[in-house]
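For reference, the structures are reproduced in the following blocks.
Both complexes below contain chain A, partnered by chain B and then by chain C.
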Partner chain A sequence: MKTKKSMLVAAWLLIIPVLAIRAFTTVYPILATIRNSFFDIRLLQGKNVFCGFENYIKAFKDPKVLTSIQFTVIFVVVSMLFHIILGVILALILNMKFKGQRFLRTIILIPWAMPAVVIGMAGKWAFNNDYGLVNDLIRRFINPNFNYSWLIYKDSARFAVIAMDLWKDLPFFAILVLSGLQFISHDIYEAARVDGASGLQCFTRITLPLITKNVATLTIPFTLWRLTSFDLVYSMTSGGPGEDTALIAYRITMEAFTNLNTGYAAALAVMLFIVMLVFTGINMKIQSKMSD
Partner chain B sequence: MSNGNMKYKVYHVFQHIFKWLLAAVVALIVLIPVYWIFISSITPSGELFKSPIDYLPDHPTLDSYEFLIQNVGLLDKIKNTVIIIGFTLVISTVICVLGAYAFCRFKNNKAISLAFGFIIATMLIPEVVTARPLYEFMQKVKLYDTYPGLIILYISSVIPFSVLILRNFVSEIPESLEEAAAIDGANFTQRLFYVVIPLMKPAIATVCIINFINCLNNFFTPLYYSNGIQVLSVAIVQLPLRDNMYGVPWDLTSAMGWIILLPIIVFVAIFEKQIMDGIMAGGVKE
Partner chain C sequence: MKKRVISLMLCGTLGAAMLAGCGSSSGSSSTESTASQAGTQAATETASETGTASDSTTESSGAQDNGDYDLTLYSIMTTDPDFDQWLADVEAGTGLNINVIAAPTDSDTRQQKITTMLSTGDSSVDIIEINDEMSTTFKNSGWLVGLNDTVMTDDIRDKFPQGYVSQMITNNDGQVIGVPGYTGYLAFWVNQEIMDEVGIDSIDNKDDFMKYMEAVSDGSRYGYGGSWEKTYVFNEIAQFVNMFGGDYYDWTNPANKEAMEFMHDLVKNNETSLDQLADKYEQMNPKAIDGKYGCWFYWGTGSEYEAADMLGADKIHQAMIPSFTDDGQRYIFTDSWSYVLNAASTHQDAAVTFLKYMADKGGMEASYKYFSRYPARADVAEEVVPDSDPAKEMYSKYASECNVMGRPMLPQTMEFISAMGTIFQSYVRDEITIDDFLTQAQSYVEQYQ
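Coming up: the complex of A and B.
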């Protein structure tokens, strides 16, 4: 009995370092953010007074925030749509049996391993009208007289941001889809073949259901990462033109660190967090349904 | 029969060509931008501002790198990055291995499994939500803009992933091995260090490799919790404009980008298998 107790003490000693560091960086800051969201804190004016739900109400009348929410929704939906379509295609390509497989899998890890800021900075220059890579390739192969400043106009700037997001993140998504495919034993295909299934039937009856299941589990985490995406927009467009590419995480950070409206930023952060909790709840429902 | 054989062969050849074509398209989409960053970094800054792009620069130069070393303090930023990531990897690996072991072997204890659930749940908390209060707190306790402060935050960012992966790995090590060692008279510490940890080497390697890349990618933490201590990922967005009038210092940016990219490419080429395993095992990055 005594040894059991001392074992438990030992276990806690091993756990405390990770637990303490994690708690230190999350528990107090989260509570402080929730508290701040009910206060009108403007550091520039030395203001710090209770204001109830005022910050929350203000958010829905703030055109900057509304633009941010609008683009965040577009960004998440469009990016995820392409993640699913192109990600599955890329996973199938990575799963092809051929001599270049290992090389291709290595190459594909480069965008995943690159910092988003490097991609953002490169993207800023790549979409430049005169000297950028994108227009240069278009002029070489499609239309020699092509001229377009991508990042100056709302829709094309948004397109460019989403394109760079996909360039970085598709490989990651594809590898995770692939991880499911690899566990399909070869015997299953063999058995299906013996039973007279065609190649197409094998794909639709064996491969596709597995992919669908994988994609379903991946969609929510990837959506959550898009909701908090910050680095790319910070480095590529600084939210511009105007506020048109200011994702909500970027907006919150600007309010907190540039405009120093701590209370308002906290209210926006709390709302973002609530949205994420809802998505997580949905995710857990899906997961438990699928494991049934 | 021979006709059918012929058909089969033609089909096979086409299938092969098709595969290589698809692979080539994917490889080009990844490699062209990477190559373009590289050639931009060795093109004299004046020649960058012309169209069309010279994909084989006529006058390759290391001028931009020289400028980064002499005027931007590149070596200093590399030193900062190495110090922070080095300490983060060593400390986080030690505490996460120990924590993961305890989380796994004592998972029947309610409080301990609750603690584990807490660590995994905190994965969900985005940096932007905690940023401002944490920033003020770090200033109050004098950890803002210090190596220890940054290292603590970096460690915190890698804990959930590391603990999760390592715990799953420990659960695959049969407890009977430890019991056998216990019968031979090994105590708790001895069993941990001489039986369990040696078996965990491959998992530890995978976790370290993935964490190295995640730390190199970390941008928000060094951007907002430090000022004087600049790491590479922050330095690239704060480069000075050299003599060109154009809004982006692309000459220096591409050189700095390549400094970050080169170790990543080498790393990925060496550890492709471990990285794949790590990604697939965790399915989680941040």
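Coming up: the complex of A and C.
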């Protein structure tokens, strides 16, 4: 009994430094942000006064924020949808046995290994009408007279941002799905084939049910990363044209570090934090039900 | 027992490691010489990269490393191939050992980092180069040291362009907060090869400009080119407003409306490209060099065109700003990057020595020699810049024949610039009407003024 108690003390002693660091680097900033969200803090004007829920009310009336929320929802939903569909397809391809399989598995991770800012800058040039890779390919293979500036129109600029996001992170998602696929025993497939199951039936009755939980688990961090993504837009479109591609995390960054409206930025950050908490809670609940 | 001993040892090690970072910095900050020990460049960069590095951390690391540096400069010029020679020249001229931190090349990132450093009282950087947008934003914040009594004394101040100094870098208390690093103009650039091709000798007024637009534009080539990304287009909006005799702070002025409709019509008539809504200067210049634009406005002395072997009287060159009004007035914007002194700096004496040098002939000559930066002081320019430099003749003409102005900026500079750029982009894409644009522009002026 005494040994057990002393082990517990030792365990606490070991984790106290980590807890202290975590409290200082995570808990304190969160509490400070929540506190700041109730103040009208404008560094340039030397203003720091309590304003209650004013920042929160202002957020719902601010057209820039409303545009950001709209695009963030589109960005997260569309991007995640394609992550799941294309990610699973890519994982299935990578799970097949063919020559060069290992090489392919390695090189598809290159975009993921690059910083998002670099991807964004590459995207800015890739979608340039005069010098861009995308239009050049279209002119070579589809229409030699093709002219279109992707980043100056709302819909095409949004498409371009989502495309670059997928190009960067889809391979990583696929590799993680692949790791789940590799846990499925070949015996199950062999037994199914002996029973006369087709390839499609094997996929829908065996593969899909067995990787669903894996995919659902992956969806949490990948969705949260999309919700907090700002670097891609920052370097690729600067939120333009107008504010049409300004993700909410980008808007928060601009308010906090460019416009120096710290209180308002804190309120937006708290709102995003709540959305992320709710999303994570729902997702975990679904996963728990799936386990049952 | 063994496990317990190991556990205690691990705890002890962790605790010691944590406490090691909490050493007092008093020893290192007691004197100028030790306090100025900014440490290795890598260490200092790491500190400033975080943007929240405390003074004590920086001083502490500096004290532990070495005493090589007298001050730290946050510079935008480090990517210039001649930067090392410039630094050696300045170090020789000032007798200072200068630690240099490279500022990010991206304008948004740079401004955010500098804002973070100044607003948090980060003392790891002593001298910072800031542009007009940042000068307007920071000059009344108290984050920069006033230089009237030390560097920009009356006799020195009088040698700089008075309009620029008073409009852009003087705060509400009358203190000059920076030393302009050069004089730049938002010059009017033309492609002489295209002008020769279409048979137009000069673009002196609005009629000439329109004839040139018509002659040059053919769908793949445009009479006018610009950089209309939402935070860049502000320069050209303000330039055209001036050319039409308008007032950037008064959007009820009919001349402003005329200017905006003129820019809109350039797009409508295919005389300028809507593609440039996504372009910053880095996207605009390749197009200018490739002969896609007949004329454009751009800062600098044309080093990009020179690098592409396209600078010259028969290729790309600066020209006189056309006059669009009946009174024949010409308007041009001037700009600069200024060296400013961080109020949190613990190396004020060394910083003042540096700034004095940069405000004097030696510093300006070095900047001209290594960076082709045109001296901010007319007397130094006369002495240092050879007559063979085409910029000398043109800059002299700009100064004498144009109304030289600082750009219209308000304290919340970037927010204002971005807001105006956003509605301009909406207007030229026909998402809003001219009246909507004017109403919103006026409301932004009132909001941010």
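Criterion: the second predicted complex is superposed on the first by the 274 of 292 C-alpha atoms of A that agree within 3 Å, B and C clash if a C-alpha of one lies under 4 Å from a C-alpha of the other, contacts with A are read in each partner's own complex, and residues count from 1 in each chain.
FYI, a residue touches a chain if its C-beta (ideal position, glycine included) is under 8 Å from a C-beta of that chain, and two chains touch if they have at least 3 such contacts.
On a predicted model such as this, the values are computed, not experimentally measured, just so you know.
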{"item": "Superposition on chain A - do chain B and chain C clash or fit", "value": "clash"}
{"item": "Which of chain B and chain C A:10 touches, first, second, both or neither", "value": "both"}
{"item": "Which superposed partner A:257 touches (first chain B, second chain C, both, neither)", "value": "both"}
{"item": "First (chain B), second (chain C), both or neither touched by A:44", "value": "second"}
{"item": "Touching partner for A:234 - first (chain B), second (chain C), both, neither", "value": "both"}
{"item": "Which superposed partner A:181 touches (first chain B, second chain C, both, neither)", "value": "neither"}
{"item": "Comparison of chain B and chain C by chain A residues contacted", "value": "B"}
{"item": "First, second, both or neither for A:192, with chain B first and chain C second", "value": "neither"}
{"item": "Partner chain(s) touched by A:131 [first = chain B, second = chain C, both, neither]", "value": "both"}
{"item": "First, second, both or neither for A:202, with chain B first and chain C second", "value": "neither"}
{"item": "Of the stretches 19-27, 73-81 or 415-423 belonging to chain C, the one that collides with chain B", "value": "73-81"}
{"item": "Common interface residues of chain A - those touching chain B in one complex and chain C in the other", "value": "7, 10, 14, 17, 124, 128, 130-131, 234-235, 253, 257"}
{"item": "Of all residues in chain B, those that touch chain A in their complex", "value": "16, 19-20, 22-23, 26-27, 29-34, 36-37, 40, 48-53, 95-96, 98-99, 101-103, 105-106, 109, 112, 115, 118-119, 122, 124-135, 137, 152-153, 155-156, 159-160, 163, 188, 213, 216-217, 219-220, 224, 233-234, 236-237, 246, 248, 250, 253-254, 257, 260-261, 264-265, 267-269, 272, 275-276, 279-280, 283-286"}
{"item": "For the chain A and chain B complex, residues of the former touching the latter", "value": "7-8, 10-12, 14-15, 17-19, 21-26, 28-30, 32-33, 36, 90, 93, 96, 98, 100, 102-118, 121-122, 124-126, 128, 130-131, 133, 136-137, 139-140, 167, 171-172, 175-176, 178-179, 182, 218, 221, 224-225, 227-228, 230-231, 234-235, 249, 252-253, 256-257, 262, 265-266, 269-270, 272-273, 276-277, 280"}
{"item": "Residues of chain C defined as touching chain A within the complex", "value": "3-4, 7-8, 10-11, 14-15, 18, 106, 108-109, 111-112, 115-116, 119, 137-138, 141-142, 229-231, 273-275, 277-278, 283, 286-287, 290, 292, 411-412, 414-415, 418, 422-423, 425-426, 429"}
{"item": "Chain C-touching residues of chain A, taken from the complex the two chains share", "value": "6-7, 10, 13-14, 17, 43-46, 124, 128-131, 149, 151-153, 234-235, 237-243, 253-254, 257-260"}
